[in-house]
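Each of the two complexes below includes chain A, the first together with chain B, the second together with chain C.
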Partner chain A sequence: MALIEVENLVKEYKRKISGEGIKDALYHILHPVYETFRAVDDISFSIEKGESVGYIGPNGSGKSTTIKMLTGILTPTAGSIHINGRIPTKERIKNNREIGVVTGNRSTLYWDVPIIESFRLFQKLYEVPDNIFRKNLEEFTEIMGLESLLHVPERQLSLGQRMRCNIAAAFLHNPKTVYLDEPTIGLDSESKRRIRTFIKKMNDERDTTFIITSHDFQDIEMLCRRIILINHGKVVLDNDIEKVRKDFDQKKKVRFEVENNYAMKSGEHCLPGVSFQYIDSYLIEAEYNTEEVDAMTVVGFVSKYCPIKDITITGRDIETIVQDILYKRL
Partner chain B sequence: MKKFYYMVRMVFMEKMAYMKALLFDAAAALASIFVYYCLWRVVFKDRNEMQGFTMVEITTYIILSRTLAMQFSEGINREFALWIYEGSIGTEMLRPVRLFTNLFSRRVGEFLFYITFKAVPIMLLAFLLLGGAGPAGGINLLLFLLSVLISIGIMFYVEMLVGMGSFYTLTHYALGYTKTAVLDLLSGSVVPIFLFPGFIQEILTFLPFAGMVSVPINIFLGKYTLRESLMYIGIQCFWVIIMYFLAHGCFHKVIKKVVVQGG
Partner chain C sequence: MSRIRHYIDLEKAYLYLGVYTLKEYPLDSIIWIISIILREITGFIGVLLIARSLDGINGWDFYAICVLFSMAMLTESLGQSFVDSVWSIGSHVRKGKFDTYLTRPAPVLMQLLGSRCNFQAMSTFTMALVILIYGWEHIGIPLTIGNILFVLEFIICGTILNTSIYLAFNSLNFWLVNSGNVAELALTFRQFSKYPLSIFPKLIIGVMTYMIPFGFVGFYPASYLMGKTDWNVPVLLPIVMLIVASAAGLIWRTGMKGYNSTGT
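The block that comes next holds the complex of A and B.
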C-alpha cells in the first residue's frame, strides 16, 4: 500500500443562501435554504514514500479542501483516505505525529512568545529526543537563516521570517509527510529561495514526502517531480513533471545571435516543421516542432547560411503548459 | 503529564506578554469591590446582621465573590469560539494532543495566572483596606480551596459548551456575554444566594453555578457544618461528572461537523 491512498474523494460544502436585501435575509432566518457545493469531486490518487508532488489548480479548485481532508481536519463527504494505512479523521492524533502541515496564511507558532519557546514545546509534544532536536534545530537554523529570529516573539517578525519559522517547525519532528498549502504566498524572494532550498534538501536527504500547493510555478518546477492538476474539484492531469513537459511541450524556440542574417533572410530558405522569424539583422528566432525535427538539424540548417555567435533554446514553462491544458488551447 | 506541564507553561508565558493589561483588570476589580462595599454599608447602617451575616462577614463575601467572579468574563470559551470563527481550529486539531487536553491546559494555565497575578494580590489588598473576616478555621480554608479547584472543572465544561454554541451561531462574542451574565447571577456573585426567595435558593444551591462562588465562600466563613460542606462539595463533583459527559458528547458531534473556515 502506498503512503497516501485517496479513492473517489468527495467533499460537499453546505452553503446557506441568504438572499438579497433585509426582507429576504429575515425570511431566510426562519426558512433556511441550503445549497450544496462540490468542492472536491471524485478525486483519486496515490503517493509513495519520498515523492514530491505539486498539487496545482486555479483558485477555488479544491486544493485546500483536499489538503484539509488529507490531514484529517475535514471529514470527507464520500470516498476514502488512507495515510500510512490509517484513516486520518479516525486516528487524527496518531496521524498528526507523523505529519507536518504548513499553511501560508496561518501560523502554528505561539504569537506572543519567542520562536524558540514554540519549538521547545513542539519538541515535548512530539516527543523528539534531545539530540535529534538539537541537530535539526542547528541544521534548519543554518539553511533558513533563523539565528536572529529564534529569540524574538512571532508577532515581531515579518511574514517571510514567520513562514521560515513555521516551515522549520513543521519538519522538527522528522515527519514522514509534510503538507504545504501555499507556503510562499506573498513572500519576498529571499525567503522563497531559502524555503525552496530547505524543502528540496529535506526531500533529497531525508526522503520526506511532501505535497505542495502554490501559485508560483517556480516552486513547482524546482521542487516537484510530479504534478497533480485539478480544476473544479476534478483531477485534470496527474503525471511526472518531465513527462508533462515532453507530452505537451512539442513546440520549442531557438534564438540565434548571428553576424548577419541577410543571406538567410533574402534567400527565403525554409525547413519543414520550422518557422523562422527575423527579429532584426542579428537575430533569428526559429520555432520548431520537436516531433518533426530536432534542435541539431535546425542549428545545422542556420549555420549553413550565417555564422552563429550564440544560441538559446527555450521550451515553454510548466506554467504556460498548465494554462494551455486548463483552457484547452492545445 | 510532562506534555501537559509544558502546555500550561506556554499559556503562562503568553499571558505574561500582557502584564500591563493586568493593572487595569486589578484596578477595575478593586473598584467594583469598593462599590459593593459601599452599597452593603448602607444596608447595614441600622442593623448588625442580616440572615446571620455580619458586616465583617459580608465584606469577606464581597471580596471573595468579586475576585472569584473575575473569571466569568474570561475562560476558554472566547478563545475556543474564536478558533471556530477564524478557522484556526484547524491548526489546533493538527497538534499531536487531543483538542480537549489542549483546551484544558489553556484553562489551567489561565487559572494559575489568575491566582498568582490577580486573585491573591487583589484579595490581600482588599482585605488590608476593608478588613473582613478570615477563614472560620483551618479545615474551612482547605475545603474552600478544594471547592474553588473543583469549580474550575465545572467552569471549564460550561465554557466548552458555550464555545461550541458559537459553532452554531458563528459569532464569537454574543454567547460569551450571556455566559458572564448568567454565571454572575446564578453563582451568587452579584446577589448572595441567601437573599433570594426560599425555593429559588433551594434550586440555586443544587445547580452547578453555586459551586463557583457561593459554596466556597460559605465554607470559608463557616456557614456550613462540616457535613454540609462535604455534601456541597459532593454536589460539585457530581456536576463535574455530568458536565464532562455533556461536553464530550456535544464535542464529538460538533467536531464532525466542523468546517474549517478559510484557506
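The block that comes next holds the complex of A and C.
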C-alpha cells in the first residue's frame, strides 16, 4: 500500500444563500436556505514514500480543501483517505506524530516568546529526543539562516523570516510527510530561495515525502517531480513533470536576432507548421511544432532571407503548459 | 502511564511559556494586576454595601460574606491563571485557529488551555485567601483537618466546575459563529454566586443549583463551612463537578466534530 491513498474523495460545503433585495434577505434570516457546493469532486491518487508532489490548480479549485482533509482537519463528505494505513480523522494523534503541516499566512509559533522557545515546546509536543532535536536544529539553522532569529520573539520578525522558522518547525520531529499549502506566498526572494533549498534537501537526503501547493511555478519546477493538476475539484492531470513537458510541449520557440527583418516581413513568407512574429525590425520569433518541422529547417528558412546574428531556442515553461491545459489552447 | 507522564511534561512546557510571556511584558503585567485587584475590590465593596443596607443579608453578616465572596473568588482567579483560554474558543473558531491544533499530536482542548496563562491572576487568588482567613477567624470556624481538606477539595473541584461551566458556554461559539460572544451570558449568571443564594427567588436558586450550578462555587461550600446547611457538600461537590464536566466535554466534542465537517 502506498504512503498516501486517496480514493473518490469528495468534500461538500454548505453555503447559506442570502437572497437579493431586503424582502428576500429578511425572509432568508427566518428560513435559511443552504446550497451544497462541491469543493472537491471525486479525486483519487496515491503517493509513494519519498515523492515530491506539486498540487496545483487555479484559485478556488479545491487545493486547500484537499490538504485539510489529508491532514485530518476536515472530514471528507465521501470517499476515503489512508495515510500510512490510517484514516487521519480516526487516528488523529498517531497520524499527527508523523506529519508536518505548513500553511502560508498562518503561523504556528508563539507570538510573544523567542522562536527557540516555540521550538522547545514542539520538541515536547512531538517527544523528539534531545540528540535528534539538537542535530536538526543545527542543520536547519544553517540551511535556513536562522542564527540571528532564534532568540527573537516572533512578533519582531518579517513575514519571510517567520515563514522560514515555521517551515523549520514543521520538520523538527522528522516527519514522514509534510504538507505545504502556499508556503511561499508573499515572501521575499531570499526567503523563497532558502525555503526551496531546504525542502529539496529534506526530500533528497531524508526521503521526506511532501505535497506542496503554490502559485509560484518556480517552486513547483524546482521542487517537484510530479504534478497533480486540479480544476473545479477534479483531477485534470497527474503525471511526472518531465513527462508533462514532453507530452504537451510540442511547440518550441526560436528567437532570431538579425540585421534587418524587412526582407521576410514584407515578403510574408511562410513555412508549414511555423508561425512567425516580428517584434521590431531586428527580431524574428518563430513558434514551431516539433512534430512537423525541426529546428534546422526553421533556421535554414530564415537565413535564406536575413543574415542571422544570434539564435535562442526555448521550450515553454510548466506554467504556460498548465495554462494551456486548463484553458484548452492545445 | 507513559502517556500521562508525557501530558504532564507537556503541561509543564506550556506553563513555562506562560511564565516567559509574563517576563516579556513586565509593565503590562503590573497594570493587569492592579486593574483586576481594583475590579475585585469594587465588586466586594458593592456586595458589602448591599449587605449593610439589608442589615446583614438573610442572616449573613459581614464576615460570612467575606467567606462567601472569597471562596467564589478563589475558583475564579485560579481559572484565570491557568485555563483562561476557554474564553478564546469563539475567536479560535472565527479565525480557524483550531486547524493548527488538529494537526498536532495532543488533545485539542489541552492545546487550547495551554495557549494562554494569566499568572497575574494569582494576585487576586492570594487576596481571596487573605479575605477567607480573615472572615474565618472572626466567625470562629473550627480549624480542623476536615475543614482544611474541604477547602482544598473546594479549590480543586470548584475550579474544575467553574471552568466546565465556562467551557460549556464558550463551546456554543461553534454554532453561533457570527453572534458576538454568547458565553458572556455565563458571566451574568455568575454574578449571583457572590450573594447568598437564599435571598433570591426560588427560580434563580433552582437554576443556580440544578442547571448552571454556580451555587457550588461559593454559596453551598461557604454555607457548609459555617454550618448553615444540612447538605453534605463535600460529597455533592465532586458529583456535581463530574456531571457538569462530562456535559461540557460532550458539548465541546460535538462542537469540534462540527468544526471538522464544515471548516471555517
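Rule of thumb we're sticking to: the second predicted complex is superposed on the first by the 270 of 330 C-alpha atoms of A that agree within 3 Å, B and C clash if a C-alpha of one lies under 4 Å from a C-alpha of the other, contacts with A are read in each partner's own complex, and residues count from 1 in each chain.
Criterion: contacts are C-beta pairs under 8 Å (C-beta built on N, C-alpha and C of every residue); 3 or more make two chains touch, one makes a residue touch a chain.
From a predicted model like this one, the values you see are computed outputs, not experimental measurements.
Undergrad: Return fit or clash for chain B versus chain C, each positioned on chain A through the superposition.
TA: These partners clash in the superposed model.
Undergrad: Scan A:178 for contacts with chain B and chain C and give back first, second, both or neither.
TA: After superposition on chain A, A:178 lies in contact with neither partner.
Undergrad: Touch test for A:105: chain B only (first), chain C only (second), both, or neither?
TA: The answer is first: A:105 touches chain B but not chain C.
Undergrad: Can you pull the chain A residues that chain B and chain C both touch?
TA: Residues 13, 68, 71-75, 92-93, 96-97, 99, 101, 103, 106, 108, 110, 112-113, 117, 120-121, 124-126, 153 of chain A touch both chain B and chain C.
Undergrad: Where on chain C is chain A touching in the complex?
TA: Listed in rising order, the residues are 6, 9-10, 13-14, 17, 20-21, 24-25, 99-100, 102-107, 260-263.
Undergrad: Applying the document's contact rule, which stretches of chain A touch chain C when the two form their complex?
TA: Spelled out, the residues of chain A in touch with chain C are 13-14, 65, 68, 71-75, 89, 92-94, 96-97, 99, 101, 103, 106, 108, 110, 112-113, 117, 120-121, 124-127, 153.
Undergrad: In their complex, what parts of chain A are in touch with chain B?
TA: That would be residues 13, 64, 67-68, 71-75, 92-93, 96-97, 99, 101, 103, 105-108, 110-113, 117-118, 120-121, 124-126, 153, 181 of chain A.
Undergrad: Over in the complex, which chain B residues touch chain A? Could you list them?
TA: 2-3, 6-7, 9-10, 13-14, 17-18, 87-91, 93-98, 256, 258-260, 262-263
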